[in-house]
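Once you scroll down, you'll see the structures, which are given as structure tokens.
Heads up, the next two complexes both have subunit A, just with different partners, subunit B and then subunit C.
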Partner chain A sequence: MPRQAGRSLRRLESHAKVTGTVEYVHNLELPGMLHGKIFRSTVPHARLARVDVAAARTAPGVEQVITGQDVLSIIPDPYYGPAFHDQPILALEKVRFAGEPVAIVLAADPYAAQAALDLIEVEYEELPAVYNEVEAALKGAPLVHDKLRPGSMFADLIHVRPRSGSNVHVDYRVRRGDVEEAFRASERVFEDTFHTPAVAAAPLEPIVTVAEPGGSGPLTIHSATQNPSFVRGELARLLGWPENRVRVRTAFLGGGFGGKQYIKLEALAAASTLLAQRPVKISLTMDEQFVTITRHASTIRMKTGVSADGRILARECEIWWNGGAYADIGPRVTQKAGFTSAGPYDIENVSIDSYAVYTNLPPAGALRGFGVPQVNWAHETQGDRIARELGMDPLEFRLKNLLRNGRPQASGTILQDSGTEEVTKEVASAMRWAEPLDCGTGTTRRGRGVALAIKAGVTPTTSVAIVTLAGDGSCTVYAGTVDVGQGSQTVLAQIAAEGLALRAEEVRVIHPDTDATPYDMGSVGSRSTFHMGLAIQGATEQVSRQLIEMAAPVLGADAADLELYDGSVVARGRGDAEISFRELMATRFGKNTGTLVGSGSFTASYDTPDPDTGQSDDVAVFWMIGAVGAEVTVDTETGKVMVQRLVNVADVGKAINPLLVSTQLSGGALLQFGYAMSEEMRFEEGQLVNSGLAQYKIPTMLDMPKSVEVVLVEVPHRNGPLGAKGMGETGTLAVSAAIGNAVFDALGVQVKELPLTPERVLRAIRAGAGRPLED
Partner chain B sequence: MSILGRSARRANPPEGVPLDYIEPATLGVAVELLASDEAARPLGGGTALMLLMRYGFLRPSRLVGLRRLASDLGGISVNDRHELRLGALTTLRDLELSRQVARSAPVLVEALHIVGNVRVRNAATLGGHLAHGDPHQDLPPILLAMGARAHAVGPRGSRWIPLDQLNLGYYQTALEPAELLTELALPVQPEGTQGSYTKFTAVSAEDWPALGVAVFFRRDQDRLAGVRLALSAAMDRPQRLAGVEAMLDGERPSESLFQAAAETASSAVEPMADGGGSTAYKREMIRVHVRRALEKTMRAPALRSG
Partner chain C sequence: MEQLRIRFLLNGEEVEAGVAPVENLVQALRRCFHLYGGRESCGQGICGTCTVIVNGRAVSGCLYLAVLAEGTEVVTVEGLSAGGRLHPVQEAFISCSAFQCGFCTPGMILMSTQLLEENPDPTDQQIRHYLSGNLCRCGAYPEILQAVKTAAQALASQK
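Moving on, here comes the complex of A and B:
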């Protein structure tokens, strides 16, 4: 029997997925179900003078119309959110972005609900609005929220201090050494400002929730969520109920990417079903998804002092995160991306200020990388400028400053078990960096670039798992990890199978259902294989111990000599003495009866950072380390960039399933490829002008890099399950900067704003040549 | 005006509204149905109309489905003037796969390969493609440069509309309300004609063009003859550039001639800014792609008669 860890097993649900038989909440229909359609604010910032739903209530087919006032009758304090409790289920006194839910129409026929939306009349008293993150942070900017409402759910956000009387609702900082002194001692000081736009997660299965009132049973929420346990806790808090009266379950998710994190439609669906006393389904259109959650637009100012021989002596980062109207998980983005914003480098003097800023735009949250792709764009783009101006090879400049194991990261936490050197070496080799590249001289130029990445695994978080063995010896895993398409069901089955010496195909991992699966913080931040893997290992150890204890008297052997092999307990060194799990269960419970239960949990350690300096001894459960290489061609007359090669190198600790790890990395890289090349939400006066996939351009197969390559590096993590680390985000982090650096190499000019549209690149070319494109 | 901006003011884009759907059996009834209701719209392949309805730009009271007319208004044939006659209800895919079209209008087939995607081409009809009036369509500049005429039937009878008179502006055509395109006539291209279509997309390969350039000419000894050049997508409607054609006609092709023609082209039109780029960028792309299109046409195979 092969080892289960390290097997390149195809996803266990592959066949069901391609034959269209897996469950998605999107397809769920319940008897008596109503469809909810949301009336959304048409203005970015206004007092609600009047919300008139009378005509809609009497429209044909309409069962109920619910406004913010109606919600108050069952939820007196209807503000939700993972970091702040700042988002009303339906707008109350005012609306804070164009697209904010104001009312919901419920009807058995979704088209009747949709048609009735036209009958709702809202009178707005418009207020001055603010859209740009830097302007919104200034004193005197219109305030999006008059009062801050911090939440208390997550331990890593407790030290994050909200700021009142400003749109800056979180002000996170790192102070290490003395940057001012070091700038004075520097041979050269470089200062640049970088921009990234808001972008959309755009999962193909929409954000969707079906709620059932439950009657005497629990309120039941079927939801395409990445955080079922969090949703349960948040609904219980809103309703003032114990958590055991709320049941949250998921199925397979048709993509999430962060867009289905924490709480999205669940509170509105819960309020609707409780008021209507019928099942209610809310499913967003693609256009609605765009105004529900975005990745933060950002402005990043980076100042770096270097010695004559290319050592980075000091780095100062100031980051403004455009959080939109509600905090969502922005405070964690502000902190997580903040403390690695100086990059994977060994820098004695670091100063970081990271501001979460409210604006009158749709809320921003986490999207594959918790803000790190934005800060990575800044430090890796500036890195190439510094190297070029110092006359150094960009890879040599990185190696010279690389953060190595045993050295403190900017937060003070010592780097360990991290392959920073290995990924750099591998990307150099894959890119054949030592060989020269002919950049060309005509209108097609060629260039190559690399970029390195670091991200901290979120901590402290918890995962709990239960593993059972049925009377026939078959194994079931009860885990709250959501399979969003990353293949977690398969990998968790492999970990459980490894622990019980079964084949992964024989193990069943059930979908999260808070009535059955124990707590898990969520399928976010690349944490599942590590945290849930460890919890499952704990649970299989308990089951394994029980099996061995049961088998010892039956086989007449010492427990220490027994081990599990292929569904049986085997006595070591005594070839024929063995008993199958099924027979063993029968000896204990009787034939085909009974259950063995094991449970395990994992809570990562954490040292709360000092709020003034951000310093901590233990701020990352593991480090995600990656390197990306890109080779591009650029049409110098049109500015069009074609990526010829995209090489993704990641330290994954141990690839429990190399096939899925590789596709996760290439998938993450191609997601970010779109954000690097073409994707950008464009707002005019707070109105999104390119909503939906016809206007907002996700790359097609024809736009993809000609070659997408993945290289796995395995530097085992001392605590990881079988040495594994999280890697779901590693492939996304450095893609933009690697492509940007390749463009820089090809053209000799830099673009500091994403995405790298032909026009932006052409403007840079023309400005560099002293003939700017005249408007 | 923005898509969400408009739809937001209409509360939300409708996923569908109750409406009347009729499939008449004759062209006459179809025209009558359209004439009797201002808010009625004809439905061909639906690839454009459905999007407009989806976004809430259009709320027709009635859709007049044309598919039962396909036997009369479809098909590809040659008329008595030896012109290629393309029925308005011919799908883009049928045009793309037609040997007859490939023979007499190879540039059209080349362009058809990259209109939308194959699913769109399977549904979209030639008549809809033209009557839609969207400036970002691929075929109008080619048909314009080929000197095509469109036949229309309406309540006041039928008429031929030269293609350079069909598009009046942004989503505006010369078609009267209730007037339907029935066929398109493509004149025989002179023997030796070389042609090309250049589609430039700015952000994604599968996109509407940010600029379309269609060029046709013959070579008379070492000089250009019968030059026809049309641009689209960058402006509010496809346009033939008579000035540029005149400066090329009768001239010896050269790098400097093409460069000068491209310069003239870029200042001859008023590009509009959109998701594909700013006015300045579009102007620059006209300069680059008109020159490249002329060079590409020089390399294009010459049409043989018969």
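Moving on, here comes the complex of A and C:
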């Protein structure tokens, strides 16, 4: 029987996915179900003078119309959110962005609900608004929130200190060494400002929730969420109920990428179903997703001092995160991306200020990388400028400054079990870096670039798992991990199978259902294989121990001599002495009856950073380390960039499923490829002008790089399940900067703002040639 | 809402349904026949997730009014594996792991099937071009490209 860890097993649900029969919440219909359609604010900042839903209430087919005032009758304090409790279920008194939900119409026929939206009349008293993150952080900017409402749910956010009287609601900082002194001692000091725009997760299964009132049972929420346990806790808090009266379940998700994190439609669906006392489905359109959650636009000022021989002596990072009108998980983005914003480098003097800023735009949250793709764009782009101006090879510059195991990261936590050297070596080899590149002539220029990435796994978080063995010996895993498409059901089955010496195909991993699956922090931040994997290992060890204890008297052997093999307990060195799990269960419980239960949990250790300096001895459960290489051609007459090769190198610790790991890495790279090349949400006076896939272009198969390559590096993690570490984001972090650096190599001019559209590149070419294009 | 009766051939079977004038084909297939392989995502005919075959041509089911299906022959992904045997394109999508979340997969498979009917031995560039109206946000494009080529070989060896 082959080892289960290390098998390139295809997704266990493959058949259902190719026949279209796989279960998504998107498909769910319940008897008597109503459809909810949302009336959204048309202005970015205003007092609600009047919300008149009388005509909509009497429209044909409409069962109910709910406003913020109606929600108050069942939820007196209806503000939700993972970091701050700042987002009202439906707007109360004020609207803070164009697109904010103001009312919801419920009807059995979704077309009737949609039609009735036109009958709602809202009178707005418009207020001054602010959209740019740097302007919003200034004194005197219009305030988006008069009052801050910090939350309390996550341990890694307890040290973030909310600020009042400003749109800056989190002010996170790292202080290490003395940057001012080191800048004075530097041979050269480089200072640049970088920008990234708001972009959309745009999973193809739009955000969807179905809620059932429950009657004497629990309030039941079927939701395409990445965080079922969090949703349960948050709804219980809002309702003032114990958690066991709320049930949250998911199916497979049609993508998420962070867009389905924490709480999205669930509170509105819960309020609607409780008021209507009927099942309610809210299924967003693609356009609505765009105003529901975005990735933070950012402005990043980076100042770096280097010695004459290219050592980075000091780095100062100041980052403004455009959080939109509600914090969502922005505070974690601010902290997570903040503390690695100086990059995977060994720098004695670091100063980081990372500000979460409210603006009158749609809320921003985590999107594959918790802000690290944005800060990576800054430090890796500036890195190539420094190398070029010092006359150094960009890879040599990186190697010279590389953070190596045993050395402190900017937070003070010592790097360990991380393949920074290995990924750098591998990307150099894959890119044939030592060989010269033909840079092209005339109007087609060629270039190549590399970029390195570091990200901390979200810390500290908890996963709990239950593993059972039925009377027939078959194994079921109860895990709250959501299969967003990454293949967690398959990988978790492999980990359980490895622990119980079964084949992964024989193990069933159930979808999260908080009535059955124990707590899990969520399918976010590349944490599932590591955390849930360890929890499952703990649970299978308990089951394994019980099996061996049961088998010892039956086989007449010492427990110490027994092991599990292919669905049986066998006595080592005594080939004939074995008993199958099924037979063993029968000896204990009787034929085909009984259940063995094991449980396990894992909570990462953590040393809360000092709020003034960000210093901590233990800030990351593991580090994600990656390197990307890109080769491009640029048409100098049009500015069009074609990516010819995209090489993604990632330290995955141990690839429990090399196939799924590789495809997740290349998939993450292609998602980021869109953000690098074309994707940009454009706002005019707070109004999104390119919502939906007709105007906001995501990559097609025609756009993708000619060659997409993945290289796995395995530097085992001492605590990881079988040595594995998280990697769901690793492939995505450095893609934009690697492509940008290749463009820089091809043209000799740098673009400091994403995405690398032909227009932006052409402007840089023309500006570099002293013939700037007119605005 | 006003219902119109339509009759058409669905995955080889004669069927009848009452549909609303505003209803699109994907919604009607879900509501009346519990076929969930066609999925509305962008709602603008851009993403290809709603692809179904009408009279032998792939259409965006989200932009195709259900009433227009009257008298037509409709094939969905569920009809591709009729009799319980997977179509070679479906088999290739599994063997090449050509999906992650699976939401775009039925549309991708139907479009790839149509491509291989028209052009049994497409080049990479022809595949990329033909499938550029089917979006995959998980980024499984390299594997999808491989799956189409694998399916082309499998279909060629069947002949």
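Brief remarks on what is shown
Just so we're on the same page, the second predicted complex is superposed on the first by the 774 of 775 C-alpha atoms of A that agree within 3 Å, B and C clash if a C-alpha of one lies under 4 Å from a C-alpha of the other, contacts with A are read in each partner's own complex, and residues count from 1 in each chain.
Definition applied: a residue touches a chain if its C-beta (ideal position, glycine included) is under 8 Å from a C-beta of that chain, and two chains touch if they have at least 3 such contacts.
Note that the coordinates shown come from a computational prediction; the quantities given were computed from them, not determined experimentally.
In the superposition on chain A, contact of A:Ser14 is made with subunit C only, not with subunit B. After overlaying the two complexes on the shared chain, residue contacts for A:Tyr111 are found with subunit B and with subunit C alike. Of the two partner chains placed by superposition, A:Ser599 touches none, neither subunit B nor subunit C.
Judged by the touch definition given at the top, the superposed model places A:Thr285 against both subunit B and subunit C.
Of the two partner chains, subunit C is the only one touched by A:Leu204; subunit B is not.
Once chain A of one complex is fitted onto chain A of the other, the partner contacts of A:Gly254 are limited to subunit C, with no touch recorded for subunit B.
When the shared chain is aligned, subunit C comes close enough to touch A:Gln486, but subunit B does not. Annotation for subunit A, partner touching more residues between subunit B and subunit C: C. Once the two complexes are laid over each other on the shared chain, residue contacts for A:Thr476 go to neither subunit B nor subunit C.
Subunit A uses residues 111, 285, 287, 692, 694, 698-700, 702-703 to touch subunit B in one structure and subunit C in the other.
Per the touch definition, subunit C reaches subunit A in the complex via residues 1, 20, 22-23, 30, 35-39, 41-44, 46-47, 49, 76-78, 80-81, 86, 90, 93-95, 97, 99-106, 109, 127-129, 131-145. If you check the complex, the residues on subunit A that touch subunit B are 37-40, 42, 98-99, 110-111, 114-115, 117-118, 120, 285, 287, 290-291, 637-638, 640, 677-678, 682, 684, 687-692, 694-695, 697-700, 702-703, 757-759, 762-763, 773-775. Of all residues in subunit B, those touching subunit A in their complex are 2-5, 7-18, 51, 55, 200, 202-207, 275, 277-281, 284-285, 288. By the touch rule above, subunit A contacts subunit C in their complex via residues 10-11, 13-22, 24, 26-27, 29, 61, 109, 111-112, 202-206, 252-255, 257, 285-287, 484-487, 659-660, 663-664, 666-671, 673, 692-694, 698-704, 708.
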